[in-house]
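Chain nomenclature is as follows: A, B, C, D and E, assigned in order of appearance, with residue numbering initiated at 1 for each chain independently.
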Amino acid sequence: MIWTELLVLALLGTGLGFYAAGSLGLLRFPDTASRLHALTKADNVGLGLVALAAAIHWGSGAVAAKLALVWLLAVIAAGTTSQLLARRVRKNEEPDRR
Amino acid sequence: MELLAPEPVSAGHIYAVTGAILTALGFYAFIVRRHALRQLLAVNVVGAGVFLILGGLGRGPDAIDPMPQALVITGIVVAVALTAFGAAMIVRLAEAPRSPDQGKAGKPDA
Amino acid sequence: MSGAFDLILCLMILGTAGIALFVRDALAAIAFFIAFGNLMGLAWLSLGAVNVALAEIAIGAGVTGILLILARARLLALGDPVHSGDTPTWLWLGAFAACTSFAVLLAATVLSITPESGLDRVVAPLMPGLGIENRVTGVLLAFRAYDTLLESFVLLGALVAVWSLAPARAWPGRPAEPRMADGQMHQVAGASGRVLLPVALVMAAYLVWAGSDLPGGAFQAGTVLAGGLMLAAMGGAIGLPRSDRPLLRAALVLGPLVFLAIGLGGIAAGGFLIYPKGLAKALIVTIEYTLFLSIGVTLALLVAGPPVADSPVPDAGGNG
Amino acid sequence: MNLLGLLVAVPLGFMVAALLLRGSGRWLILAAAPVMAGLALWLALLPPGTTLLVGNWDLPLGILLRADGVARLMVLAGALVIGAIGLHALVDPPGGKDGGAATAETFWPLLYLMWAGANAGFLTTDLFNLYVTLEMVSLAAVALAAMGSLAAALRYFMIAMLGSLAYLLGVALLVANYNTVDVTLLAQVARLDLATVMALGLMTAALLIKAALFPMHGWLPPAHAAAPAPASALLSAIAVKLGFVILLRLWFEAFPAITGSAALHVLGGLGAAAVIYGSIQAMRQDRLKPLVAYSTVAQVGYLFLAFPLVAGAVEPSSAWAGMTLHGVAHMLAKAAMFLAAGLMLKAAAGDRIADLGGLAQAMPLTVTAFGLAAVSLMGLPPSGGFTAKFLLLSAAIEQGAFLYAGVLVVGGLLAAVYLFRALSACFAPLAGAGPDTASRGPVTGGVKAVAPLALAGLAIVMGFAGTALVDVSAIEVPWATPTVIQPEVAP
Amino acid sequence: MMTFAPLLLVFLPLVAAAVSFALPERLSSWRNAANLGVAFTKLLVVAYLLNATEAGLVFEWRYEFLPDNDLVLRLDKLALLFVTLSVFLWLMTTIYAIAYFDRGPNLSRFFGFFNLCVLAATGVAMSGTAITFFLFYELLTLATWPLVAHKGDDKSLRAGRIYLSYTLAGSVAFLAGILWLQSLVGAIEFAAPPDLTGIPALTLTLIFILCIGGLGVKAAIFPLHGWLPEAMAAPAPVSALLHAVAVVKAGAFGIVRMIYDVYGIGTVADLGLGLPLAALASVTILYGSVRALMQTDLKKRLAYSTVSQVSYIILGASLIGPYAVIGGLVHLVHQGIMKITLFMCAGALANRMGIKAIADLDGAGRLMPVTMAAFSVGALGMIGLPPVAGFISKWYLGIGALQSDAAWVVAVLAGSSLLNAAYFLPLLYRAWLLPPPADRPAIRELATTRDRMLILPAAVTALVSLGAGIFASLPFSPLAWVTLIAEGGYLR
C-alpha cells in the first residue's frame, strides 16, 4: 500500500513540477510562440502525470478511463487553441516582416 | 470527491460571508463602472455572490441542503439567459441606436 | 487545514472578482471573470454541491464568459472600445461607503444564521418514491418541477427576446457566423469541432443519464452540448440555422413542450405535474433528455446572438 | 382535482405554438383570448379556499398555488387586458415603423410568456417561484420595451436585473433562516430578527423598483413611452403589477407583525409623493406617450398610498378592496389609453400633444376610448377608478388619515388637469393646414378602436360591479381567514 | 313599473345618446327623429308619473353598487319637479337645437353628449342617496364638457378648461364632504335623513361648508361663479338648456337636498348655518345683477343674470320658512322656463341676424316680432312683473322672508328687481322702440320650416311662463306642486 502512496506522491510531484516549469515559461519567455511552446507541452505532461496519480490513487478501471478521457480532451483543446493562437500571432506579425 | 470536501467546522459561514462581500463588491462595481458590458459582468458577480450565500447557509455539518442547490441551479440558468439577452442588446445598441424618442425629441423629425 | 483551504479559496475568489470588476482592460476583466467562475466551481465542490459546481463552471463561467467575449469582440468591431467612462469622485466615494456598509450589514446577517441543511431531512424520505438517487435532481424535476418548468420557458423566452432584436431586413435570417476569418485557422478549428461535437454529445448524454443518481442533469448536459455545437459552428463544421427553420423551432420547444405535456398529463393522475406512481423515474428521464437537447440548442443560439442581415461574409481570401 | 395549473400551462402552450407556427402564430390570439378569459372567469367563480399543491408535494418543499381574491381579480383583469391587447395587435401590429418582421413575430411568444408569468406570479405563494415568474415577466417586459427604445430598454434591463438579484438575496436569507419560502408558512413562523428585516428590506427595495414606485421609477417613463402601443399597454398594465402583488404577499401576509407602522408610512409617503410627482411630471410633458407613462408613475403611487390604510384597518376593509380594485381599474384603463394613444399618434401629424388637433373629428371612437380611460384614471364616476378611489378615500377619512385623503383628492384633480389637456387638444382644429394633415380623412368606424374602446368600457362598467368585485377581493384576505394558516386552537 | 320607472327615465336618454353617437352625419334626419321621439316618449312617461305620484305612489329602484352604498333612484315629488322641468325643456331644446344647427359639423357627437347631459340631470333629480347624487352630478360635469368645447376654437377650449377646473374642484370638495359625513353616520339616504346627534357642531359645520361649497360651484354662488360667463362660448342650445337648467339647477337642487334631506332644517337652524348662506345668496343676487348691468354682450348679460337668479333658490332654501321654501323651489321651475326662453331667443337673434352685442338689438322687434315677444315675456318675468311666473317666486320669497323675520331680504329682492329692470328694460326699449340700423337687411322671421322650428320652442316656453303665473292656483301648476312638496315634509 505504502508503495502506491509513494508512487502517487512522486507522480503528483513531477506533474506539479512540469506545471511550474510551464508557468515559469509563460511568464519569462519573450514572445508568444515560445510562451505557447512552454505552456502546451509542459502543461499537457503535467496534467497527464497528475491524472495518472489520481487514477492510481483510486485504483479503479472506470475512474482511470474517465481520467484518460479528461486528459485526452484537454490535450485536444490545448493543441487546437495553441494552433489557433500561433496562427493568429503569425498573421499579425506578417506585415512587419515584409 | 471526498478529497475536496473535508469536514468543515463552519465552512458554510466562510462561503456565505464571501458571498456577502462579492455581492457588495458587485454592486459597487455596477455603480462606478458605467460601461454596459462591465455592468453586465458586475451583475453576474452579484449573482454569484447571492448564490454563494444561498449555498453557504445551506451547508449543514454533514450535508448540503439539496433545496438551495436546486434553487442555485435555477438561478444560474435564469442568469445566463438574461445575460445573453443583455449582451445582445448592448451589441445591437452599438450597431443601431433604435430609439424613436431621441430622434423626435431632440430635433425636428428626420 | 480544510478551513485554511476554504479561506484561501475564498480569498482567491474575492481577488479574481475584484480584478474582473475593476481592471481597466475589458478583455482582462472577462478573463478574470472566467477564472473567477472556475474558482466558484471549486467553492461549490468544497461545499459538497457537485451539481452546482458543474452548472457554475459550465454555465456561470463557460457560457457567460463566451457571451461576454463575443459581445466585446463585436463591440470592438463596431468601434466601441469598451472603456468605462470616468465617474465622478463623489460617486466612487459615496458608492464605496454605501457598499462597505452594505457588505458589513450583509455579512452580519449571514453570520446570524446558522448554516444547516434543514430541508435535506424533508427531501430524503421522499426520494425512494421517485426511484432516483440524486436529491438535487429530485428537487429540480419533482418537488419543485414547477420552478424548473417555468425556468425552461425563461430560457426559451430569452432566445425569443434575443431574436426580437434582429434588424428589420435580417428576419428571418441566420445569426452572425462566429467563424474564423483565416482559412487555415478555420480548418484547425473545424477539425477539432468535428472531433468534439460527437464527444460532447456522448458526454452530455452520459451527464443526463448520470444525473438521475449521480451529479449531473439536463442543464449541465445541455451546456456541454451547446459547447460542442458552438465549437463546431466556429470551425464551420456545422452552419448556424435560419431562425425560422421548422426543425430548429421543433428542437427549441421540444423539451419545454414535453415537460409541459407531462405536467398536463399529470392532471389525469390527480393534478398538475403529478407523476403517476411508478412512472416517476421514466418521466423524469424523458423530461431530462428532451430538455437537455432543447437547452443545448437554445444556449448555443443565445451565444450566437440575433440574426443579422445577409452581408458578404468577410472572406479569408478576399484580399490576397 | 382542480385546474389552477392551466392558467399557467395554457399560455405556455400558446407560446410554444406561436414559436412553431412562426409568422402565422399571431392568429393564435383568436383562440387564446377567449380560452384564457374563460379560464380566468372560472377562476373568479371558484369556491373560496381553492388551492393546488403542484405535483402534490407537501409544503416546505413544494409549491402552493392559491386562488385568493387578489389573484382572482388580477388574473381576470390580466386575461381581459392581455387578450384585448393581443386582438388589438392583430389590427395594429407592433412591428410598424422599423422593428419589422422580427418584432412582429417575436411579439407573440413574448406576450404569452408574460401572460404565463403574470398568472403564475399572481397565483403562487412561494417566494422563490415568484422570483422565477418575476423574471419571466421582466424578460418579456424588457424585450417589449426594446421594440421601442433600445437605450431605455437596456436601462430598464440593468435596473430590473439588479432588482431581481436583490429579491433573490432576500429569498436566500429567508430560506436559510426559516427553511421555507412559502408565504403561508412564513406567516406562522416569522420572527423579528436581523435576517428577516434584512430580507424584507432587500425584497421590498427590489419590488419597488419593479413596481416603479417613486423614486425608483426612473426607468419607466422612457421605456413605456417609446415602446409600440401594444407593448406599452402590456408593460404598464401587467409588468408593474406583479411587483406590487408580491409586496402585498410579503407585507400583509408573511410578515404583518414585522412591518411596523413607521415602515408602512414610509411606503405610504412614497406613494403619496409618487402621486404628486408623477402628476406634475405628466403635466409638464409636451408629448402624449410620456404623459401617459408618467401617469402610470402617479397611479402606482395610489397602490402604495393604500398600504398604511390597509394596515390601519382591523378587518377586511374598504382600503384593501380599494387598493385591489385600483390595481384592476388601472390595468384596464391604462391599457386602453396606451392603445388609443398609439392609434391617435399614428393619425396625428406628430407626437406632441399640440399635434392632436382635429382627432376628435377624425377618429371619434378612439378619442372616446381615450376619454373613457381618462375618466377612470381621474377617478371620476362612474368607473372602476372611482370605485377604488371612493373606497380608499372612505378608509382614509374613517381612519382620520387626512393627509392621505388630501393626496387622493389632489391626485385626482391633477390627473384631470393633464388628461383633459390631452383630450381637449383632440377637440382643437387641425394644427396647421399642411398637406399631410389635410389628407387625413375621417376614420370613423375603425375596427382598430374596438379593443381600446372595449377595455375603457370595461373600466367604466367596473364602476357598477363594485359590490361583486369587493366580495371577490375579500376572498382569503390574510386576516380574514386565519383558519387556513394558524394551528388549531385547543378546545 | 314601480321599480323600473326611474330606470326607464335614465335609460331613454341613453338610447337617444347611443343612437346619436352611432349614426353618421349624413343620416341626420334619422338622428333628429330619434331624439325627438325619445324626448316625447319621456314626456309621456313623466306625465304618467306625475299622475301616479300625485296619487301618493313613490317609485324607487335600488342597486347595491358598493357594499353599504346603494345606487338609489327615487321619484318623490321634489325629484319629479326637477324631472318634469328638465324633460319638458329637453324636448323644447331638442327642437330648437335641430333647427339651430341644421347641418353643422360633429352633430352626432353633440347630440350624443347632449342626451347624456339630460340623463345626468334626470339622474341628479331622482338620486335617492348622496352617492347616487354625486355619481350623476359628476356625469353631468363630464358630459357637459364636450358641449362647452364643442366648437373647438381657442375660446371654447379655454371655456372648457375653466369649466372643468371649477366643477371638478367643486365635486372633489363635495365628495370629501359626503365621505366625511358617511364615515360618521353611514350611507346617506335622502328619504331617511341621518341621525346627526352626537356629532360635534364644528365637524358638522365643516362638512356643510365642504358640501355647499362643492355644490355652490355649479350653482354659481359668488365667488364660485367664474365659469358660467366663460361657458357662454358654447353654442346657444347648450347655454339654454345647461346653463339655464341642468348644471346650475343641479347645484341648487343639491343644496336644497343638503338642507332639507340630509341635515334637516332643525339641524341647520341649530348650527346657525341658514343665515350665512342666505347672506351669501343675497350677495350673489346683487353681485350678479350688477355685473349683468355692466355687460355689453347679450349672452354674457344673460349669464350674469343666471348667476343672480339661481341664488333666489338658495335664498329660499336657506331662509327655512314655509313660504320661502315654496318661493325658492318654484323659482327653480320658473327661472328655468324663463331663462331658457331668453337664451333661445338670444340664440335665434344671433343665428338669424348675427346679433350678439346689446347695441345691435335696435329694432330687432320689428324684424323678428315673435322672437322678441317671447324675449320680452321672459325678461319681464325675470324682473318679477305679474302675471309672469317670476312674480310668483318673488312674492313667495318676500312673504317667506318676512315670516322668517328676515326683512332685509325683502330689501335685497327689491334692489335686485330694480337692477333686473335696469338691465332688461333697455333691451326691450332698443328692440321695440328704436328703428333698425339702415344697413340691416330685412328678413322674414317665419319663412322656412327651420325658421319656425327655431322660434317655436321659445314661444312655447314664453307661453308656459305666462301660464305658470296666471294659472298658478290650478293643480299641477309648478306652484301647486311645490306646495304639495312643502306640505309633504318641509313644513315641519
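Structural remarks
The working rule: a residue touches a chain if its C-beta (ideal position, glycine included) is under 8 Å from a C-beta of that chain, and two chains touch if they have at least 3 such contacts.
Remember, predicted model here, so these are calculated numbers, not experimental data.
Steps from chain A to chain C, minimised over paths through touching chains, total 1.
Connectivity without chain C: the remaining chains split into A | B, D, E (groups of touching chains, all others kept in their positions). Here the chain at the heart of the structure, going by C-alpha means, is D.
Taking the CA centroid of chain D as reference, the farthest chain centroid is that of A. Of all chain pairs, the one joined by the greatest number of contacting C-beta pairs is B-C.
Taking each chain's centre as the mean of its C-alpha atoms, the one that lies farthest from the centre of chain B is E. Chain centres here are Cα means. That of chain A falls 57 Å from that of chain D.
Centroid to centroid, with C-alpha atoms defining each point, chain A and chain B lie 32 Å apart.
We define each chain's centre as the mean of its Cα atoms; on that basis chain B and chain D are separated by 27 Å.
Taking each chain's centre as the average of its CA atoms, chain A and chain E sit 98 Å apart.
Along chain A, no residue makes contact with two or more other chains.
Of all residues in chain B, those that touch two or more other chains are 23, 27, 40, 53, 57-58, 67, 71, 74, 78, 81-82, 85, 89-90, 92. Those residues of chain D in touch with two or more other chains are numbered 61, 98-99, 128, 132, 135, 139, 142-143, 146, 150, 169, 173, 176.
According to the touch criterion at the top of this document, the contacting chain pairs are A-C, B-C, B-D, C-D, D-E.
Interface of chain B with chain D (complex): residues 23, 27, 30, 36, 39-40, 43, 46-47, 50, 53-54, 57-58, 67-68, 71, 74-75, 78, 81-82, 85-86, 89-90, 92-93, 97-102, 104-105, 109. Residues 1-3, 5-7, 10, 13-14, 17-18, 20-22, 26, 29-30, 33, 36-37, 40, 42-52, 55-56, 59-60, 63-64, 67-68, 70-72, 74-75, 78-80, 82-85, 87, 91-92, 95-96, 99-100, 102-103, 106-107, 109-111, 113, 115-120, 123, 135-136, 138-140, 144, 147-148, 151, 154-155, 157-159, 161-162, 165, 167, 217, 219, 299, 302-303, 305-306 of chain C are the ones touching chain B in the complex. Interface residues of chain D facing chain B in the complex, by the touch rule stated above, are 61, 97-99, 128, 131-132, 135, 139, 142-143, 146, 148-154, 157-158, 161-162, 164-165, 168-169, 171-173, 175-176, 222, 225-226, 287, 290, 350-351. Residues 1, 4-29, 31-35, 37-38, 40-42, 44-45, 48, 51-53, 55-67, 69-74, 76-85, 87-92, 94-96 of chain B touch chain C in their complex.
Residues 105-106, 108-110, 112-113, 115-116, 118-119, 122-123, 126, 139, 142-147, 149-151, 153-154, 156-158, 160-161, 163-172, 244, 246, 249-250, 252-253, 256-257, 260, 263-264, 266-267, 270-275, 306-307 of chain C touch chain D in their complex.
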